[in-house]
Amino acid sequence: MNIAFIGLGNMGAPMARNLLKAGHTLHVFDLNQDVLAELAQLGGHVSASPKNAAAQGELVITMLPAAAHVRSVYLGEEGVLAGIRAGTPAVDCSTIDPQTARDIAAAASRQGVDLADAPVSGGTGGAQAGTLTFMVGASAQLFGQLQPVLAQMGRNIVHCGEVGTGQIAKICNNLLLGISMVGVSEAMALGNALGIDTQVLAGIINSSTGRCWSSDTYNPWPGVVETAPSSRGYSGGFGADLMLKDLGLATEAAKQARQPVILGAVAQQLYQAMSLRGDGGLDFSAIIKAYRN
Amino acid sequence: MNIAFIGLGNMGAPMARNLLKAGHTLHVFDLNQDVLAELAQLGGHVSASPKNAAAQGELVITMLPAAAHVRSVYLGEEGVLAGIRAGTPAVDCSTIDPQTARDIAAAASRQGVDLADAPVSGGTGGAQAGTLTFMVGASAQLFGQLQPVLAQMGRNIVHCGEVGTGQIAKICNNLLLGISMVGVSEAMALGNALGIDTQVLAGIINSSTGRCWSSDTYNPWPGVVETAPSSRGYSGGFGADLMLKDLGLATEAAKQARQPVILGAVAQQLYQAMSLRGDGGLDFSAIIKAYRN
Amino acid sequence: MNIAFIGLGNMGAPMARNLLKAGHTLHVFDLNQDVLAELAQLGGHVSASPKNAAAQGELVITMLPAAAHVRSVYLGEEGVLAGIRAGTPAVDCSTIDPQTARDIAAAASRQGVDLADAPVSGGTGGAQAGTLTFMVGASAQLFGQLQPVLAQMGRNIVHCGEVGTGQIAKICNNLLLGISMVGVSEAMALGNALGIDTQVLAGIINSSTGRCWSSDTYNPWPGVVETAPSSRGYSGGFGADLMLKDLGLATEAAKQARQPVILGAVAQQLYQAMSLRGDGGLDFSAIIKAYRN
Amino acid sequence: MNIAFIGLGNMGAPMARNLLKAGHTLHVFDLNQDVLAELAQLGGHVSASPKNAAAQGELVITMLPAAAHVRSVYLGEEGVLAGIRAGTPAVDCSTIDPQTARDIAAAASRQGVDLADAPVSGGTGGAQAGTLTFMVGASAQLFGQLQPVLAQMGRNIVHCGEVGTGQIAKICNNLLLGISMVGVSEAMALGNALGIDTQVLAGIINSSTGRCWSSDTYNPWPGVVETAPSSRGYSGGFGADLMLKDLGLATEAAKQARQPVILGAVAQQLYQAMSLRGDGGLDFSAIIKAYRN
């Protein structure tokens, strides 16, 4: 299939490579010339603009850092909607606010283009291994079209509802994830301060009502889970500044929906304070450092 | 075995009944004459005081509402330590602060009595069914003595470390549980306000990084988990005022350990506000009502 | 002086009336025909668009509900910048985020227009009485030009620094105001619950280190300050939903500046929860209702 | 007058010296022999126990670090109540929880002793200069007896109501003070990050609705108030660990009264985190360091 792929950063580039491996023809665009050169060597066709790439795709995929980029890549003069043919499906894999996703889908729809939002989880590791989870907001028909292609980049392709619900699912999950990680950090640090063995404490929590992914799979206390970033100096994993971005999206969406998110707002501020202390590049489980001296 | 059992409330009475069923001889004490009469009918021997009960037991078990009661039942003039023989093992199943547990164990130790703390989880349902979890703080030897008897009242008998660690394990787990439940409530209510189907959202969270007991087993959104209190009007389950008590124990222990617990303190206050609104008798998952109109 | 006045809502209309009273010629625009008719009766000239109004003014004043309106009123096809002559001073009295204020000033500057931001405090009462406070972000020269005209609508005309600093001053003050009001509410409700007379407590606080405007001038406990909204059922005053808007601006600006505001974020969420309960139309001191049963 | 004075720490010693200067005969007790020797040199009579001191006083004054000390000094075998004559007035100037104050007053009352609580504000500087504020919980008659003596150690002698209300007034004021100081810190740090001059910002706040003691008298931004601890490296003043203690008393009293204090609980945790970072010995306005890098 001819696929236009726009946005070749830490996530987009390995995703595009997986599509090349699967035998697709890729028309790629990015502002970074180095990554374009690299994709060209792997067989990709370099386009001069999102518009040009979109004009040649039977499917358009975008993977961009934030809403402002998505807006300009789709709606700009040299953007996707200026080049895409009516009837061509498109999917934006960026993590952005649900309202922008819906606004751009509405703009696409006015020219006969069905646009899905499909943010991912799984990080750069998942992008390379092709094991990402895609949370897809799309009509049933569009989901059916996208599913086989997304499955070449990921393992779980989840249909969340109409366009925008992919973003909603992601920010709600990550809102809870951020809260849980701070909660596990407080529980582990408190247990340690009170004198229980942290390995024992984690074992009890993990077989009790406190159990959660942040405790049983990604425990922030070093040594509890050998494969977790906490056991290798909080390197790799999901950066604290990315968690901060997602908590910002969640609280902003909550503000627009006039919905309170009290612990979520506190968690966001705690990650902001962590970033201010210079630790935004560490894995997000390093928030536990705020609870230890 | 001759067992002194002191404290026959909503939890203690069914626990005592399970021990009677298992064939033990019980010497029981409580301030409530009705429950004493009921236990007597089942074959229990009514004692005039904790002292008298303890004098006749080869093992002493206590199950009391709060630290003040534990103090007076053990240390009072007519208390356990006034009657118990040196060498008799004892176990307090109340949920109290770790420091009081340690203080009373130290007092017991001075007269040759080895005292364990073993708070439970599982609620009145678990007490009746004999499926409680016991989190036991005790020497290895004492744990070995207690284990067979506790197993007649519960399913999981977990050794947490020295005396006091049972309480630590419980309050750390419940600190995290309280935070998680508020977190799930915020995520579910936000998702609903933004327009995703709550059943779909819960499914995504439960197979993703937000998964936790409060979401997959005890989801606060009605209808998501059919067996959860949220699906029956928030009746039964674990009362919000009990969660408030446990969060109070956790933040108090944190204060004494000079350890911050930021989200835990906010969760405590949210449960306090819920109690002020008159909802303290509902299941603790009803905290989600603060997020819906 | 010929003044273009755009935005005649609850604040703008009485401000415009004060300028008419002071003898200026006003060229007015609003989407609401009724208020235009009313201003016309008072001698105002109705313009067909912001562009037309601006074309006829020696000074342009705008007073709009939010950043989106300011953007479109200045930058739209029929907007101020399409009609204004180079060299004409302009001042936006709306309360918006500092970045938008700076962006629009930059756009104005590119066509030779010096634009100030001058958000106000004092409410509709102050607008009618001409006793508003203006927090002005402008060059020293522009401030000098604006000062005499602003003084016909307000009592305190404060120069905060370059453009944008008016907005910064307002959101920082109101961030603190929101926090203080919640703090006073907690202190008064706690004192009452513990058994001190609230009048006595307020007196002590007001002569001690807890003293603040929210306690000595605007105390949320009914009867403590006879002129405060709390003494008349929380009617009138500064609406809770307006405080919520300002806290939203503050936390959003903080996010962009990567600056934590922990209590501010919690205060915002508490006002959001108040709004969800249906009390957003009450004076913002009614937040104390969350602390009383 | 013969006065028993028990507790000669950083606050008690200078208070006792002021009473000696005023011509009273003092019977002093403390565990610290050095300070006893010093007071003896100034003419004080050293007693062997609180009991002995109390036996010789026409008035008993105590000034102790925490509730546990107050309990033992009054109720211990060698305590005040073991020596005091019925009818002798007594006043405890310690800052403790209101319930303990009331409990001890009730015990005193049973033997004919009228006990007041009278916690102070003003710090060691105020103790030395004799300019303390006393917040007095006492019957009107007892207040009348105490007032002249307290006035020899302080400037403001405020009658708050019956016994216990002195403590209530102090913890409610300091709850608000802690919240205000964090609020001012967030507002000043945010303003600075957004680009307004901090001196200008403080000026605007201080003449607007955000004004409070923490901003106009004790501003945490260095250089804004020349006499504030922030302008001398956060030395001197009111230590962060003392604020932490008072916030702990407030949240504990709130818990017992089943009263939520949401911002108060967060402020307590922020001071706990500050203490964990090793800054508990700085003035409490140094909380602003958490908001700056």
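We just call them A, B, C and D in the order they show up, numbering each chain from 1.
As a convention for this text, a contact is a pair of C-beta atoms (placed from the backbone, for glycine too) under 8 Å apart; a residue touches a chain by one contact, two chains touch by 3 or more.
Molecules present, by chain and UniProt name: A, B, C, D = 3-hydroxyisobutyrate dehydrogenase.
Small disclaimer: the values here were computed from a predicted structure and weren't measured.
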Given subunit A and subunit B, the chains that contact each of them: C, D
Identity of the chain that, by mean CA position, is farthest from subunit A: D
Pair sharing more residue contacts (C-beta pairs) when A-D is set against A-C: A-C
Distance from subunit D to subunit A - Cα centre to Cα centre, in angstrom: 52
Cα-centroid distance, subunit A relative to subunit C, in whole angstrom: 38
Numbers and ranges of subunit A residues touching at least 2 other chains: 254, 258-262, 266, 270, 273, 276, 290-291
Contact graph of the chains (line, ring, star, complete, other): complete
Of all residues in subunit B, those that touch subunit A in their complex: 98, 121, 133, 135, 156, 158, 160-162, 164-165, 168-169, 171-177, 179-180, 182-184, 186-191, 193-197, 200-201, 203-205, 207-215, 218, 250, 253-254, 257-264, 266-267, 270, 290-291
Subunit C to subunit A touching residues, read off their complex: 248, 251-252, 254-255, 258-262, 265-266, 268-270, 272-273, 275-276
Subunit A contact footprint on subunit D (complex, rising order): 266, 273, 276-278, 290-293
